[in-house]
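Think of it as A, B, C and D in the order they're written, each chain with its own count starting at 1.
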Amino acid sequence: MTAPALEVRELALSVGDRRRRWRVVDRVSFAVEAGRSLGIVGESGSGKSLTLRGVMALTPAAVRIDAGSVTLAGEELPLHGRRTRVARRGRLAMIFQDPLSALDPVHPAGAQVAEIARRVGGRSRRAAWVRAIELLDLVGIREARRRAHDYPHQLSGGMRQRVMIAMALASEPAVLLCDEPTTALDVTVQAQVLDLLDSLRAELRLALVFVSHDLAVVRSICEEVAVMYAGRFVETGPTAALLEHPRHPYTLGLRQAVVDVDDAGRAPRSIPGELPEPGQLPPGCPFNPRCTYADDACRHGTVELESHGEAGRAVACLHSDRVPAP
Amino acid sequence: MGSPTPVLSVRGLTVSFASAQRERILAVDGVSLQLHAGESVGLVGESGSGKTTVARAIAGLLTPDSGKIELDGTSLTRRSRSDRRAIQLVFQDPFASLNPRRRIRGVLRELLHVHGLASDPEIEARCVELMSLVGLPAAALDRRPAAFSGGQRQRIAIARAIAVEPRLIVADEPVSALDVSVGATILALFDRLRSELDLGLLLISHNLAAVAAICDRVAVMYLGRVVEEGPRAAVFDDPRHPYTRALLDAAPRLRPEPSEGPRIRDEAPPAGARPSGCAFHDRCPRAEEICRRESPELRAVDGQPQRAAACHFSNEPHTGGRAR
Amino acid sequence: MVIGVAAATFLLLHAVPGSPAREVLGEHATPAAVAALNHRWGLDRSLGSQFVRYVGDLVTLRLGVSFVYGISVISLIGDHLAETAALVGIATLFAVLITVPLATLAASRRDRLADQAVRGLSVLGLGMPAFWFGIVLIEIFALRLGLLPVGGAGSGLWGHIESLILPGLTASFAIVPLLVRSLRVGMLEVLGADFVAAARANGLGELRVLLWHVARNAVIPTLTLLGLNIAYLVGSTVIVENVFALNGLGSLLLSSISSRDFPMVQGITLVLAISVVLINLATDLLAARLDPRIRLG
Amino acid sequence: MTTATLGTGALRRRRRLSLHALRRFPALTAGLTLLFVIVMAVILAPVISPYSPNQQNLFHILAGPSWAHPLGTDQLGRDELSRLLWAGRTDLRVGALAVIFPFCFGTLVGTLAGYYGGWVDSLVMRVVDVLIAFPFYVLVIGLVFIVGTGTRGIYIAFAVADWVVYARTVRATTLIVRESEYVAAAKVGGLSDVRILAGHVLPNTISQAIVYIMSDIVLVIVAVVTLSYLGLGVQPPTPDWGTMVSDGQEFLTTDWALATLPGIAVVLVGLSLSLVGDGLADLLRPE
């Protein structure tokens, strides 16, 4: 078997200043093969977006990459220093939550796609423009030739996100990281964009990492899913099996908090308590204060992500066998 | 369905705005809604559908061009202080809807004092009671909004709304800025308060799932008009407008649907560019010649007097996009 | 806007309490003398009729005759305008040349030593009176090092340019601290924008990001800022001209004030204010041209 | 989004003005300390200055530093240190007093214009735009010309010219706050306009004006000194930094300190006030 398109091992990030630092992403590992997709699900503050930023080496000033490795098709990428950007050029790309702020307001949409096709894809000015039109067409913008001259503020939300995707594709990446790309969109447009990403994954054999707080969204596009809590993966596995029978109480909680149109009239059940802030993590399993199964072992012992019976599943819980099906 | 006179009755509400080119743009075009005591109604639509404008008009934050808004049968053309009290609004963004410089206690006290809802010795106890109603500790009263997470802030906003003992709460996208899991707790809170305090709830959302969870009735808006309304179960099980069908199809689900079909195309045009005939015809998988010419009225569905839809084919079930 | 400025000039000079005639003649002037002077200047008539005459004069571009020089105000202003315009031009140029690199440096090294230094200097600069800074510059560059002239207009083209370097620097320093602070914040905003992160994530090189995204976006606030501060800059040239003995509108204004040349003061104030309005208009139009969100609505 | 939440999350703590808080705002602390020293020095000038500011000694002119005259003497043999302190009394007092009216009037006008909009707003903004078009020094010099030289002229000139900055700043923030959801919530809650303005709008808009006061005092002091330098401001024999510079300018080649020291005094005052202003901006910013 060849190396996966993207493999992340033991990635650890911390936030803080000179005096104090807190772990915000704690030894996270995952791998995605070409043409496959992984979803990372968690609440705001769980560290899911920072994980993507860490892989991209695009962390904000206060966040530091402490340890870990990022391997692209078998080649390890630097996490620090001068070559971080160059090593990722044309191999890793990323799309963002808010397409209006992620597009430069002063350049036309087509020019922004062409700029990447030219500078990263190494095309001539003319060829880059032709490529930009092709890509805009590919991502489903009708009358791409005319629309390419529009500025971001003249486009609708869905079209902006399509332009973002076209920009990412212009660098011809093997791996596409998606940071909540549909959260800001309406439902019908969200469905269109998810369809688009899914077909691009299949056609271009992209490896897709999709971050979201919504299990239902991740269900519709990802074959595998990792549930993140307080900077750690607490459960991973094939999406269908994981939703069918969560093995971590937190996953179960997330699962029951989602209401969808199929179970109308069922008041959503919520997880008691709040996500702890970095620096205020309890000892033991980070979820123990909110967990109904927690005992002394959970409060004091160490709880690591370990594989769990069924194929491809892993869970970080001492009582995974007691978690009922939803 | 509660008392015969609805708590809230909106008839023919029309609101327009001036565009940058100084043309009048119809944001809301003849919307009618009714809501009884203790009832929850979901108003669903995507951005640009005019649902927020409806909310702000009902709350008295903007003056409609025409149409009637009645509270318990009396028209609200000029609102007295107690009229205002009766209808409270909860906003989408809990980070913007709380004054960053005011402690929670100050905000609640001011409201209780202005409306004379508690004598000075009782005020403190009432503040504590309000906090516990929304599931926050009394210590929260001493803090400013910055000390709270999004979900906690939304609870505070709800406490502020119920402090004045309203008849009706209009909640404008109260969970769309929150994580799914946090949103769930807020929806549950609304549901509980509605039954405990016998409040009317108008839940405005682009998210069918939120509405599905806690609403008795549903109205769907598209480009400023209500295109379908009726009891939730009936509308969700058997939508009679293709747009409702499309919304249902597009909603993300935990269980895969075996028969997912093609999506409706594109996005709704801006309010100023309303298509002729049925406003939905250019995105509708079922559109025929008549849809391009004639705008369908919102009319009762045959055999189901509680339901109405604005579609030329509202008497046939819509399998919508997926049949094709 | 120009009409507003004209009306305001009139109101400020006529309706504010105070009697120019008494100021001219001194505390001990006889009432008769004051009245006579007021009559000569037309100040004894009603405010309304004075205003009508003033507007009439403006429309026909007559700003009256200088009491002191006895020739028309407009031709005197014309003679001195070039010097002031040259000074404002050179000061603007200096301001841009100093501000842009400093703000870029500070923003790209946020919270590091360079940033702290730039911020510290700009805080110092905020409290620095222009005339004093001019004197310090004269002391260092003209008197000690003898590199540049102490004052005056100089002769020949090079002499003229040379004579404007220190005044230009001095005048630009009236606005540079403010500009640096604002532009630094503006640059930080652009650098932190999602689209910059997106461009990096998509593999665009750092230089391209700086040139194609950051610079292009930072130009617009810079222009707006310049427009906002140009009025202050023009005002400062009055003082700078005085310090460096340049024969521009500012010196003319000050000498007219000491000689109580009422029409001169009125004319210069008006011309300077209208120039500021026109410069503002130009920067606004330019900024709007460069910003598609404004241009295309 | 995650990063933003993390940022505030990590710092989500109560903020109080205490010694501990001061340590967290080094700019504010430094500014306040410096300002305190300067203000105390000029207030105590009658006590601590070694000579009367106007006491001449024509046998001891343009002297360098000595034990008797730590900063030397000027062209009339007056003690430079004493004159600096007494001049500070004048300039700081004028600076602090001159901003009071602009601050109050500008804030009031800006708040009303921003909150009510409509014709009030159009009118106010028209006036503001016109006044802002006048180059600041031209306007002030012109006004002093009409009103007469001296501090009275300066007060009137600033009352006319300076309020527009406050009005504009406060109006701009009021416009934002007016559209905010918490003001909408206050309206829906049935609060009166006065309550909303005083309790919900002003607390959020006035902080900017308060921060601006600091740089405005700097601006006024610089302007007063400048006018005095030009002979239009504080009139001799009242000591003032501007006249001291202009007197000292003649002796630039022989005694550079005479023109330089008063300028440094102005810069120090400016520095302390700017630091306080920056510190206040940090302190008053809602978390």
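Simple rule for what comes next: a residue touches a chain if its C-beta (ideal position, glycine included) is under 8 Å from a C-beta of that chain, and two chains touch if they have at least 3 such contacts.
Predicted model only: the values in this text are computed from it and were never measured.
Peer 1: Name the chain whose C-alpha centroid is farthest from the C-alpha centroid of subunit B.
Peer 2: Computed centres place C farthest from subunit B.
Peer 1: Can you check which chain pair, A-C or C-D, has more C-beta pairs in contact?
Peer 2: Top pair by contacting C-beta pairs is C-D.
Peer 1: Taking the mean of the C-alpha atoms as each chain's centre, how many Å separate subunit A from subunit D?
Peer 2: For subunit A versus subunit D, the centre distance works out to 51 Å.
Peer 1: When the C-alpha atoms of subunit C and subunit D are each averaged to a single point, how far apart are the two points in Å?
Peer 2: 21
Peer 1: Just how far, in Å, is the C-alpha centre of subunit D from the one of subunit B?
Peer 2: Roughly 50 Å, centre to centre.
Peer 1: Please output the residue numbers of subunit A that touch at least 2 other chains, ranges allowed.
Peer 2: Each of 44 in subunit A touches at least two other chains.
Peer 1: Two or more other chains in contact with one residue: find those residues in subunit C.
Peer 2: Touching at least two other chains: none.
Peer 1: Report the residues of subunit A in contact with subunit C in the complex, numbered from low to high.
Peer 2: Residues in contact with subunit C: 56, 58, 61, 85, 88-90, 92-96, 98, 101-108, 115-116, 119-120, 151, 153-154, 164, 167-168, 170-171, 177.
Peer 1: Spell out the part of subunit D that touches subunit C in their complex, as residue ranges.
Peer 2: Its residues touching subunit C are 126, 129-143, 145-148, 156, 160, 215, 218, 221-222, 225-226, 229-232, 242, 245, 249, 252-253, 256, 259-260, 262-263, 266-271, 273-275, 278.
Peer 1: Quick one: which bits of subunit C touch subunit D in the complex? Just the residue numbers, please.
Peer 2: Listed in rising order, the residues of subunit C that touch subunit D are 1, 4-5, 7-9, 12-13, 16-18, 20, 23, 123-124, 126-133, 135-136, 138-139, 143, 231-236, 238-239, 242, 253-254, 257-258, 265, 268-269, 272-273, 276-277, 280.
Peer 1: List the residues on subunit B that touch subunit D in their complex, please.
Peer 2: It comes out as residues 56, 59-61, 81-82, 84-85, 87-89, 91, 93, 96-102, 110-111, 114-115, 143-144, 146-147, 157, 160, 164.
Peer 1: Write out the stretch or stretches of subunit B touching subunit A in their complex.
Peer 2: Within the complex, subunit B touches subunit A at residues 46-47, 149-152, 179-185, 187-188, 191, 206-210, 212-214, 232-233, 236, 246-256, 263-267.
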